[in-house]
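Look for subunit A in each of the two complexes below; its partner is subunit B in the first and subunit C in the second.
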Partner chain A sequence: MAQEITIKVGFGGQFRELTVRIQDDDVKPWQPEDRLHLIGDSLPRVDAAAKVTGTAKYAYDQQPAGMIYGKILRSPHANADIVSIDTDKASRMPGVKAVLKVPDIFEDKSARYAGAEIAAVAAETEAQAEAALRAIEVEYDIKPHCVTVEDSRKEGAPQVGRGGQQNVARISPRMGRRGGGNGDSRLARQEAAVKEIIDQADVAVEGEFRTEVQTHAPLETHGGVCTWEDGRLIFWASSQATFGFRNEMTSNWSRVKAKECQVLSEYVGGGFGSKFSAGREGVLGALLSKEAGVPVHMMLNRSEEQLSAGNRPDSIQQMKMGVSKDGEILGTRIRSWGTPGTGTGGAGAHNDGIYNIGETDKIEYGVRTNTGGARAHRAPGWPQGAFALEQMMDMAAEGIGMDRVEFRKKNDDHPIRKVEYDIAKQRIGWDQKRPVKGPGIKRKGVGMASNLWFSAGGGGASALVRITKDGQVEVRNGSQDIGTGTRTVMGMVVAEELGLDLDQVTTRIGNTDDPKGPASGGSTTIGTVTPAARLAAHHAKRQLLEIVAERKGWIASELDLKDQEVYKVGEGSLNLNFKDACALMDDDAIEVLKGRPRRNYEGFSDTNAGVQAALVEVDEETGEVRVEKVVAVADAGKIINPMTSESQVRGGVIQGVSFALFERRVMDRQKGRMLNDDLENYKILGAADCPEIDVVLLDVYNGKSNTQVMGLGEPPIVATAAAVANAVSDALGVRIYDLPITPKKVLEAIAKRDAARGTSEKKGERL
Partner chain B sequence: MAMQKPELLPEDVCPCLRTKTMLLNTEYRRSAFEDSFTANTAFFHCLRTMAYHGPDGDDVCPEGCRPGRQCYPTPEDIT
Partner chain C sequence: MKPFKLIQPTHENEALQARSSDGSEYMAAGTDLLNRIKEHVASPETVVDLKKISGLDQIESDDRGIWLGAMVRMSEVSGHPEIQRRFPAVATTVGHAATPQIRNMATVAGNICQKPRCWYLRHEGYPCIKNGGTGCWAKDGENEFHAIFDNQICSATQPSNLAPVLVAHDAIIEVQGQDGVKEITAGDFFTGPSENPLMEVKLSAGEFVRRILLPAETETSLWAYEEAREKQSFDWAQASVTILLDRGGRKGDHRVILGAVSPAPLRREDMEKKLNGSDDEATQAALIAGEGATPLSQNGYKVPMLQGLIRRAVRVVRSREEG
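Moving on to the complex of A and B:
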């Protein structure tokens, strides 16, 4: 059943009416003229004190009685098959309670990268477990390896896969099923057509762009603590998908096959896309605990995290774009390669989104290497794609002599972003003169880039709201808060609906015994969970008001809750506060479980937009790039809590600047090992490197759900590295095509620039 | 041994295949199985190996994890 309602959608001062069909029992989305009590207020996270005082218990912190420690033996070889594993000595060592061989568990005798799992041990102490790992004897059939895209693509390169697997495979457009067509003739026609368009364009620009592997580095590593109670698996997991984790533990085809499983992720120390699966460490932890008969603590150390817990694939992106004199992009050719580790899928780059880029001829290739596997990483494919695309946008604008921002506007029809350009431009001081002409030492420049995302959420979430006779309110949902503030905004939505303050609502999250919730992926958690929470709160409120009306002789449909009181709509307070209203219940509590509508409603925009502008200073003597300021204009539907929203934007910008200037997995091509598998040599932006971040949030009434909120975890990282790269180019007058933008690359670019200008100085010749 | 077949998997894709978007009931959840996005950024793993390759050593992917593959479950395994 559905009901038809008319709502206002839009943002700023521009709204239009839209008639939409919403689920029969759903609540009308908040309207621009509604006077809201909490929504839109910057409120500290409800768990802020627990986190900063250390009372918040993460998976890592759990210590059930009798707990022992699990450790994993990993391959030292980049490419090998396991011939035999002898664990006899290890299993007899002091404190050892359980030993597992990976080929027995996972039907896999290959070790395709240095760091692949070989065996696992559980012992009373970590030292005993590590000693036992050293006592395991493994015979390997060692094979040649290749750990870079360049090496893997060479003719005669060592084979990474097994059987007939080639190192390089086309991953997009997708090949047909086995035996099916692969669309080669269609692609050939497309290639010819786009070539002709570009050849005939007024201006054509092209470039090859490279980005490096960015490893996952959440503060809390992967893993968890688990125990079995009467055949029921209880897993305190560092997970961004509590229900997905449970599914992996209980599936008949999982190696664990738990008949029942409870996953607890009350606090999670970051996920960023890498914690959707239990991983081999999760399965090994559960099986070690089962064999040992006691709880097992199985958390990866930092080296293991860097080696095996996922990363953002690297990329080589070749782009060519044809543009008309008046600034219209007519056609674009794209070829890209990237390595997701030992497979080929997933290493694509979103370098054709955001703008209208005309007829497009795009082919992506995945390249196998003997390296740790990639996983989803905060906006998978987008930061590396934007890095290439946005530089092409600047190059094309410069090619036709058009302002870089105006060129973007010309090829962009997103209604929100069209407004955001001017905000970013004004706040970064785009048109200000930045002196230092001629042989200056430090030059400044500005760059711009855009975001795009799809985060209105969807079905698959329910919330339970409980109002007790003594006036306590609780909302429960089993999904997790990986640091985005879900716990806080879920509470705010319920408090708003009930006319209460936030501290009057207790929010329970991260427990699969509670109502179903989504994985925290695609920035959709808030957009999926909050409509369910509001719906449950609304119906709990109506039940309470029915009781109040019956007991007081009032008409329930005329009543509502506001400012912690019952009031009559259109008239005012009835001098009955919330607590006294609850006391009128006969039963101990009202409990309402409601599920979110499966589909989003028609609304203003299906996507988030967002624009960022960066101001950099480049030292021409040292090559150092300093990002002075980033203006991040963001939108995410209705903003529930500007403080947590800002926090997401700041986090995205910080990670984006880090991607732009520092992060890079370094592989030893001879040994096949990662050389910087720690946080000392794997460089990440620190506090001293952090720019001023000016966050501007647009409040959009998009009508997609009853809360109209969209997620904001991923969009803010899309544009940052691209904006920084464009700013560096603006400062130097020469473009840098590779990330990270290190001093060495800057100095090399300056030398090339000066050589091209015929002004090469001695410092250029020294390089 | 019987197994549950996740709702989101295309009809004949192996029920051991897992990917992130199966956990998201959003409007673009099917993108992992279709060419609705123009970039390939989805990762697939196998429940049996917990890796990006299956028990037969070949890649886990919607195109490849289909009937006829050596490690594909027998019909009686699928409910």
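Moving on to the complex of A and C:
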């Protein structure tokens, strides 16, 4: 069932041969010497014009005949139990077609954050639905709340959970039964061992780092439009997991229990990890539509989106590192806390990855608070972890007097990143002198940080390729494109295989009636979908060439397609173009459905890397920080389309700079509500704040699949905030341990620095 | 959003009449009011749209100076050649506000009459002295962006970018009301909470801003406007300093107005006196910036921020003097 082939793996002109076993019917990964006509070309996304001109229809835009509007009533209280909900008045309001009480559906009588769902209404107009919501009478048993990690950790803090739930829970390491013995005593032994290593190291550095809650803030909010047709639910959903969404609607454990469901997500206005689940809004939308008997439009407004559609948890990370004089990290102690909302899972910080950090003693705690729940957010745990780790790397390098980049190289053995450091260093002008600008004091600095990612895609995707007798080509896969360019890249892979131009291939995505595809998580979509698409295209091509060979008396195995023609391998054109070749079919079409191999092949590297360097200017008079430039050196296996790949990197850098300088959820501790549940006071980087972004893509022949694609959606956000923070520290000569790096924090850090330097004699001059 | 009745008068008298009913509000471009209605922090029964009234959208000059009609768009001011030439501080300041899209919609009168951006005031469920309740949530809450001066009753700051420079120029706000047209100087027009905590400007019920006069006698080419804020794209100033020197060519007729640090633009005569051309005038003015400040738990940084802005503004204005 497998074939053995020899491939070349490597990058930058350095390749080695590797003999690997690949699935029997699979095609060989593209080789460095292959002359590819599309792969590697920068092509605009095929749906760019539709998106820019507004003809692309998102979930939000759907308007099936008879559609009415759903709205959700939310708790104004941060911590309460619902005593009663009276919807009588609301259900008699004009235009109201359906009313639901949330506790009836989700068996949850608590409202543990301000924004928790209480009831839902569907009415003919949005105004009627909103008016009806305000007519619902709710009696709450209001309890004390805590909305910050500090408050929740305090002795005697109000209980966030119910029953026996503690506010603080250890989330890692998890102690399995197989380890034997007492987990806690093993932890204690490890703690003591690492303490000894650090104590005996030449230099020890430590710091406490804080990052804030970052909301996803996709432009298209969560929700969708749904309708029922003879027991079949049709849901135009803003989703990054069409099949998962469908299963939520149909599975036994779901609240909806639709017999059948079709999810349509042809265009999605961003997800960033927050749109895997249908969410309560999806369930309520489906049930309101069922009760009302008409289509329902149920999309969150911006406030609801900010309150209840997910976020990146905050973090408090205490790190201590012991380092030898020659630059080896010997041991690291890590304690971290973070709040994922009312639960405890998912609040860890990946501050022990990327580098070899020696013997490690790491414990993470999840802290319940009365706040909106976290969801996976673009590289969950990584940007906050990197923020702490990379500053520790700089502090350690400074502690032993070693160049910051050399120190990283010394503790890093990733074969790709080793090369990427020097590219980043050279392009940011690492060694240049950066004179202080006066008379107002503006200082520049540079900082560096690294990425790591793991994904070459995985099993669970099939693609259908259809070639019609009149020469039309279509590829179908039911997963979604949340902005990464999947639609375009899938078309390119098929067009490459068939020797066609991209515009000759129609790509259909975002429809669960089509072959299965993955959720867009872990940066796996393109790596998962494209090998299936290539495989299906390859076998469709072989079938077509069999027909051609039979009709023309040629030998099929000697034929291939190139430049929209049939040609004989090693000889050249046979003067039969693609369209005429298709016309030789007896049937209307060739259809090939192929599944991707379940497992990836042995290849060059299981991980992809990446290095970013930032150049910042800090205005010491106002505290304002400008990120002038970010060099982002990225790799993601084979780069199919540099333009869409670069866009992924730019997007990651932009979101990373935004995380570094602006984004944070502000909670009012008095009433426990989010104060910036909007896009005015929740600040996101705008055009004038965007640095120059210099993207360098390395093309890696990785060999992991027939397209060799690795994930690129998430890794570019990992390093950015960390690189910016290191650059700010380089500029100021004082470190800022908390995100976001605001003028307030810069001014406070400068004051602390100047006080420490004892600048009393210079005070007159500085003021 | 609570439904409301929209009235679009074409004459000023009609507007006054329409507004005379209880629960009515004037609206210019609506960039502020409509958001407050959507967020349930304003719920007028009737909205009186002033945009259709003829004659309120003109920029005209006469011997008193330049008159900005109430409905003149912010972008028209920042791009107006005569204003750029005679009142460069005004043109520049307006160009810093909000975003190009908002500046293309928002009007000068709407800008100076907008409600503060205090996130408690703009959240349903936080009754305070500014909306008919008592007290100030920001004082014990999240107050990083709030006032450091005159913040005892209410700590919301005046959000208008235009307000400080209008005060600096002694601009005249022409107000239409039941009793006819009257003129109020900008320094009196913007008020703190001690006067009437429900209002940030001196407008009685039913009155609306007709025109704004930029007076010829305060023209000067010696100006500076410096502000600090987190984001360069669409953000509110955390602190700003407006300096005018030798207004109308009168030596020593200076103005130093601080913005975004108090409920109304704050004139600092003590700093004006320091601007005497000496080598250390910037340092001397900056040193006293924090005098009278009563910072809250999170906004003490605004003092050093003001000091930095003052030093910079003095450098800028002196560099204009040198040509």
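Just so it is clear, the second predicted complex is superposed on the first by the 747 of 767 C-alpha atoms of A that agree within 3 Å, B and C clash if a C-alpha of one lies under 4 Å from a C-alpha of the other, contacts with A are read in each partner's own complex, and residues count from 1 in each chain.
The rule is simple: contacts are C-beta pairs under 8 Å (C-beta built on N, C-alpha and C of every residue); 3 or more make two chains touch, one makes a residue touch a chain.
Every value quoted in this text rests on a predicted model; they were computed, and no experiment measured them.
Q: Could you say whether A:R598 touches subunit B, subunit C, both of them, or neither, answering first, second, both or neither?
A: Touch status of A:R598: first partner only.
Q: Who does A:A127 touch here: subunit B (first), subunit C (second), both, or neither?
A: Second partner only.
Q: Between subunit B and subunit C, whom does A:V666 touch in the aligned arrangement: first, second, both, or neither?
A: The answer is second: A:V666 touches subunit C but not subunit B.
Q: Touch check for A:N676: first (subunit B), second (subunit C), both, or neither?
A: Second partner only.
Q: So which one touches more of the residues on subunit A, subunit B or subunit C?
A: Larger number of subunit A residues touched: B.
Q: Now for A:A349: first (subunit B), second (subunit C), both, or neither, which partner does it touch?
A: A:A349 contacts subunit B only, not subunit C.
Q: With the two complexes superposed on chain A, say which partner A:G623 touches: subunit B (first), subunit C (second), both, or neither.
A: In the superposition, A:G623 touches subunit C alone.
Q: Contacts for A:E107 in the overlay, against subunit B (first) and subunit C (second): which applies, first, second, both or neither?
A: A:E107: touches subunit B, not subunit C.
Q: Along subunit A, where are the residues that touch subunit C in the complex?
A: 76, 127, 130-131, 303, 439-440, 619-624, 626, 661-662, 666-671, 673, 675-676, 680-681, 683, 685-689, 740, 742-744, 747-748, 750-751, 764, 767
Q: Using the touch rule from the top, collect the residues of subunit A that touch subunit B in their complex.
A: On the subunit A side, the touching residues are 106-108, 110, 112, 161-163, 165, 171-178, 241, 243-244, 247-248, 251-255, 273, 276-280, 283, 340-353, 360, 362, 364, 366, 373-376, 380-381, 385, 454, 456-461, 518-519, 521-522, 524, 528, 598-600, 606.
Q: Using the touch definition up top, name the residues of subunit B that touch subunit A in the complex.
A: Interface residues on subunit B, with respect to subunit A: 1-4, 6, 15-16, 18, 20-29, 35, 37-45, 47-53, 55-61, 63-64, 66, 68, 73.
Q: Any idea which subunit C residues touch subunit A in the complex?
A: Where subunit C meets subunit A, its residues are 1-3, 39, 99, 117, 119-120, 123-126, 137, 140-142, 144, 226, 228-235, 238, 283, 286-287, 298-299, 301, 304-305, 307-309, 311-312, 315.
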